[in-house]
C-alpha cells in the first residue's frame, strides 16, 4: 500500500508513534564533525521529519540504536548484581537498504552464534525498520555487488521527493494510521539503485591461504590502526567488557561492554602480554576475510553489505573495496608459491 | 537467560605452585570437562578466562597465573572467600578420544593446566589407556607447576620433566621438542597426542610429531586466545570462522592447521 | 625632487636605498585573495615597477622598482585591489591611507587545515575592517590552532584558535587515541580514568587533537569558538620576545574590542619624541606598567564566563640593551 504525505502529515504520523516508539534516524549534527566547521551525520532520536537526513550517507550506521556503543550489563555491589532497566518502548529505525541487510549480519552474531545475547535480543525484538530509498548511489557504495541494494524485510519504505514523502507500508498498524489520517494513497515504488560506481569481485576460490599474499604488506605502513572502519561499519559486532567502580573506595560499580575494533592495538592481547596480528596488514586481512569469506562459511552470506562507510571515514584513504578487488590476484600469487 | 551474570563460588582451597601461580579450588557442581574454561571475575576488576585444571566432586581447580589486574586481585583472596564465575565454556578434551590409546601429552609451562584433567583421569584409570607419557617443560626450577601431582602421577604415567635452564642441576634440561624424536610407539595407529603450550612450542612440537609419521588427526591441541565473553559474541578470540570460545579451545590438528590468526 | 617621505610611507610606499625609486606594498588581510586580482598586481609590476614581486613576511605583495613619479598612477591601478579586498579607504584612487598598522596575517585556518579551529581569513578581514586605516604601529596575526604556524606569538596581538572539547562518555570506546594524541602531540591534559579520558581543563590548550583523533565522535568541538590572545611579542634590536598569554578562552568580540582599546591606550601614552614618532606598544607597556595597560585594554570588554585572564603578565625574551 502506498501513500504520499506532505511535511505536516509526516510530522503528524511521527507524533502518533512517539508514545510507543523511540524513533532513530540519521541526523545532521551541525558543527558536529571532527574538523572545525564540519557537520556529522549520525543516528539520534528525532522529533520531526525534517531532522531526517535524506541527502547524504550517515557517517556512522544505525547499529548504535540496537547495539549501543557503551552498554551497561549489570551494576554490582559487594553481594548483589542488578541488570539495568531497559525501556519498554518499541524502536523505529530509519535506514538504507544495505543497512537492513546489515541487521541480518548483526542478528547472525548476536542471535545465532552461540546462545542469543540477552541485551541485543531485547532491543532487536522491539525494533521495526523504515527503509530510506536511494535514488542515486553515494560515493564508495558497492551494494549492487554485495546484492544488498534492495531489501524486503521492512515495515515501511520512504522516499523523499522535495517536500513530499512517498511511503509504502507492510505493517497493518502503520497502514491504519495513514488511512485514519486520510493521506493521499498512491502506487508508490520504493527507490533503490541498480548500479554503483564501484564494483567488487570476490574470487570464488577465495580461502584463508591468501593471508600469505604480499598484498597485505602495504597496509602495515598505511594503516594507523584507528579503528574508524570498524566503528562506522554496520556489521562489526565486536565488544570488550570493562568493570568500573564509581569511586576509589566505593564497593559499587558496573560491568559494561563497549565497541571494540580488530584494527586497534590490544584487541588480541592475552594475559602475560602476548598478542596476535601485530602487523596492521594482517589486521586488515583478518577484517576483510571475515567480511567476505569467514562469516559466509558459517552463516551462508557475506557479512559486508557494501555501504562503503569504511572507505568514507578512513583518514589514510585506504579503500576496503579496492582491497577486495586485489584478492583475485593475491590468490593467484599464493597459488604459484605453493 | 542472561548469560553475562556470573554466579558466586567459594574458594575451597588454594594450592601454591610458584610465587605467581596458584591453583584455586572452587566450589562447583555441574558437568565440566578438562580443557574447558571459566570466566573468573571480581567485580570492579573484571574477568579473566581460566581453564579448568582439575575436576573433582563438588569442585573444579583453576590454576591462575598472576599477570594482570584481575589475577592480581584474585591472589588477594583467601580460602572461604568468594569469586564470581561464568561457564564452563568451549569444547574441552573428550576423554573417549584417548581411551585405549597410547597417549602422549606434550605440555609447556601453564599449558599443562588445560590438559591436567586428562592426565589426572588416566593416571587414576591407567587401565583405560594403553600407555601414558607426559613430557612437560618449564623455564626453571621455580616455575614448576603441579609438583605433587607429578609425583603421584609417576606411579602410572611416564613423566619426563625438563627445564629450559636448571642452575641446580637436579632436573633434565632442554626444550620439550627435543624429547619427541625419541618417542617409541608400539602401534603407530593407536597413538593419540595432545600438545599444549605457547604458540611457538606447539608449532615445533607438532612438526616433530608429524616427522615421526603420525597422522594429523592423531594430534590434539588447545589454543590460548583472548576469550572475553565466552559466548561467541565479542569477537576477540576468533580465528578464521572459528570462535575459539565456542568451537575451541581444544582442536584436532586437522582443523587447527588451517587456522590463521 | 621634492617628496614628503612621511606622507609617502603612510601611503604604503617605501623609501628605498635607490634614490627616486620606491616600492608599493599591497595589503592582503589574512593572506587571502581571489586569483582574479593577480593580473592587476602583475600589470603594476610590469608597467611601473621592474617586473618583480616580493611576497612580504606579512603576506602582502611588494612591487619593486617604481619611480616616485608613478605613485599616482600606481595608486589608481591599486583601486580595484583595494576595493576587492575590502580595505577601508579615505579617498578614492589615492591608494592606502595608512601603513603603520601592518597587514593582518593569518595561517590558512579551518577552511583547509584539519587542525584549524576557526576561519582565520574571516576573522582577519573583520579585524582589518575594525582597525584600518589606523596608522599606529600594530602587528596582528591570527593562527588557527596552538601549533601557531603563523607565528602569532611574534606579534603585538597573537590570536590562537581554540575549541573546548566536549565529551560524550557513552560514545567512548576506550581506544586511547585521544590520550595518546594529547600526550604525544599536545600538552598531556588527558589521562585515562576508569577506561575513559579525564580532562584537566586548566592544562587543556583547546587544540582539538583529541577531537580529531576520536573515531566515534565521543569528543566533539564546542559550538562556540574560543581564542587565546597573546600579547606584545616582538622582534627588534633591544628585546625580541614571544608574546605571552593574556586571555585564554576569549571570544571574537572581546578580542576586537581589546585591540581597539589598545589604540586608545597607545594614543594616550605614546612618546611622541621617539624616532619618527613611532613606538612599539610593548615598550609603552614596559613604561606604564602592565596594570595600567590592562585597565585600558579591558575597558567595556565583556569576556565569556569561560575566559581566564592572566594578570600580571611578565615577558622575558632576549635583552641586548
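We call the chains A, B and C, going by the order they appear; numbering starts again at 1 in every chain.
By definition in this document, a residue touches a chain if its C-beta (ideal position, glycine included) is under 8 Å from a C-beta of that chain, and two chains touch if they have at least 3 such contacts.
Quick caveat: nothing in here was measured; it's all calculated off a predicted structure.
Asks: Touch graph of the chains shown: is it line, ring, star, complete or other?
Replies: Contact map by chain: line.
Asks: So which chain ends up closest to the centre of the protein, judged by Cα positions averaged per chain?
Replies: If we average C-alpha coordinates per chain, A lands closest to the whole-structure average.
Asks: Of all chains present, which has the mean Cα position farthest from that of chain B?
Replies: It is C whose centre lies farthest from that of chain B.
Asks: Could you tell me which two chains share the largest number of C-beta contact pairs?
Replies: Highest contact count among chain pairs: A-B.
Asks: Taking the mean of the C-alpha atoms as each chain's centre, how many Å separate chain A from chain C?
Replies: Going by mean C-alpha positions, chain A sits 45 Å from chain C.
Asks: For chain B and chain C, let me know how many angstrom lie between their CA-based centres, rounded off.
Replies: Comparing mean C-alpha positions, chain C is 68 Å from chain B.
Asks: Whole-Å distance, chain A centre to chain B centre, using C-alpha means?
Replies: The computed centroid separation for chain A versus chain B comes out at 38 Å.
Asks: Which residues of chain A are in contact with two or more other chains?
Replies: Residues 240, 242, 244-245, 260 of chain A touch two or more partner chains.
Asks: How about chain C: which of its residues touch chain A in the complex?
Replies: My answer: residues 110, 114, 116-119, 144, 161, 163, 169-177, 194-195, 208, 211-218, 220-221, 223, 225.
Asks: Flag every residue of chain A that touches chain B in the complex, lowest number first.
Replies: Chain A reaches chain B through residues 73-74, 76, 81, 83, 109-110, 113-115, 117-119, 208, 211, 237-245, 251, 253, 255, 257, 260, 262, 267-274, 276-277, 282, 286, 289-290, 294-295, 297-298.
Asks: Given the complex with chain A, which residues does chain B contribute to the contact?
Replies: Spelled out, the residues of chain B in touch with chain A are 1-6, 41-48, 65, 67-68, 71, 198-199, 224-226, 228-229, 231-236, 238, 240-241, 243, 246, 258, 260-261.
Asks: In their shared complex, at which residues does chain A touch chain C?
Replies: Within the complex, chain A touches chain C at residues 29, 31-37, 40, 42, 60, 68-70, 226-228, 231, 240, 242, 244-245, 258-261, 264-265.
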